[in-house]
């Protein structure tokens, strides 16, 4: 009986993991620029991998394989943020501008509003050509919030 | 797959999901307009390879090979960091961060 | 149906042939030396695939002996390919070192430009 | 099969792209996919080596070379019709050759009849190593492995000799060269 419950629970975890993994991959596929794609990949890197590995660990029971799975999970949970951080830093350093980021800035409000409409109506538009920007910090913070919002809306 | 009992069904689903995800990541690696897209996709492909390895290990009934998954995970982060460090500084041996052996 | 059977039987071979030809094409057609080396490694990898494919037995498992299994895939190609991979990376490393030296001597890694400069010199 | 198709697609990308960075990154992806295919083909040891060598070492080596040289490939001067023709003809011949090969996964293939059964049956008795690949590599074919080590040693010396006489153009240059030769050590 408890075996059956365990099996059902592990199935649930595996299914959820597959779902989130696919969601992350679709985000990687559809998102408009590097930073939002990064956000989407983090979904599959944490939720997807976490659920899949938990499901497998439940199925295996207590054994050496569980330890291996946990080590893999730990490595991936640590390495994912590091890699993403390095990626974002390198991209910003290289002058890749986050898309739709400048509608928080007062001076270019009107232009960016039109750009946002264009961007949201055409999600799979390729990222705009990299342009140099001086005010990086403001753009970074606003891009983070926007990226999150977009990611959640696409997840539903 | 002759040994496809009910217990393995969910593994099959997960394997197919991971394969689809791999395909999407490869598409992004090919189409990605900037190099960072490609690096991100490479990272995603590495993750997919690890998960596929684990799932296939369970599918074929020999999950001992998860050790290799650990190696993949470490390699993945090293490769990604090498590429990104290269872009950030234009040099792998920058600023004394090269490991002193 | 027979065509499908044929596809399943030989899909690995065909992909290996495709990879091999792609590597050959890159080596022959591209003038950039780093690209040529990438093509060379593509070619090598296709050879690995060709070697490993017949070693697999459907229903078999990896050749690590255990009491639970009786059918194992053939370990011999694995050994050969292990050697081949390591020798291959030695080749690539040597080639890359040569590319670095050539770039120093000629200031270019494109084949055509190097030929031109060689004629001039 | 899906993996193999993906590999073919990545290969097309490698052939077409001219940004060498992208090519190197795609090479890493290709190596990971190849390692997954090798897992499917039950070659776990080979997969491990391929992942570490293909995705790790060769990516780093290529990046080092790119730093020391150029990053962009020039547009090919002439249309590659002749190489394309050669490639297609070669492909045709090879595919004609594959028709006679034994089908995939056939346990009655010739390769499984001769030497491998001996290794599989006797290696546990003769070497008491459960991993047959290890026992063959280190015990039955130990001289092969010795020769392989000699090859790598020679390559390492050659690389050192090639890169040693470099005139230092700038400071980070020589650093990178040192890093390259240093990184080659542990593998051998």
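We call the chains A, B, C and D, going by the order they appear; numbering starts again at 1 in every chain.
The definition used in the following text is that contacts are C-beta pairs under 8 Å (C-beta built on N, C-alpha and C of every residue); 3 or more make two chains touch, one makes a residue touch a chain.
This is a predicted model, so every value here is computed, not measured.
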*For which chain is the distance between its Cα centroid and the global protein Cα centroid smallest?*
B
*asked:* So using the touch definition from the top, which pair is joined by more C-beta contacts, B-D or B-C?
replied: B-D
*Centre-of-Cα separation between subunit D and subunit B, whole angstrom*: 18
_Nearest whole angstrom, what separates the Cα centre of subunit A from the Cα centre of subunit D?_
32
*Counting in whole Å, what is the centre-to-centre distance of subunit B and subunit C, each centre being its mean C-alpha position?*
20
*Please compute the C-alpha centroid of subunit C, do the same for subunit D, then give the distance between them in whole Å.*
6
*Of all the residues in subunit D, which ones touch at least 2 other chains?*
24, 44, 64
_In subunit C, residues with contacts to at least two other chains_ = 59, 61-62, 64, 66
*Using the touch rule from the top of the page, what pairs of chains touch, sorted by label?*
A-B, B-C, B-D, C-D
*Residues of subunit C touching subunit B in their complex?*
59, 61-62, 64, 66, 68-69
_Under the definition above, what is the set of subunit B residues touching subunit D in their complex?_
19, 22-23, 26, 29-30, 35, 38-39, 41-42, 45-46, 49, 52-53, 56, 65, 68, 71-72, 75-76, 78-79, 82-83, 86, 90-94, 98, 101
_Complex contact set, residues of subunit A against subunit B_ = 7, 10-11, 14-15, 17-19, 21-22, 24-26, 28-29, 34, 37-38, 41, 44-45, 48-49, 52-53, 55-56, 59-60, 65, 68-69, 71-72, 75-76, 79, 82-83, 86-87, 89-91, 93-94, 96, 126-127, 130
*Residues on subunit B engaged by subunit C in the complex (per definition of touch)*: 2, 60-62, 64-65
*Complex contacts: residues of subunit D adjacent to subunit B*: 2-3, 6, 9-10, 13, 19, 21-22, 24-26, 28-29, 32-33, 35-36, 39-40, 44, 47-48, 51-52, 55-56, 59-60, 63-64, 67, 172, 175-176, 178-179, 182, 185-186
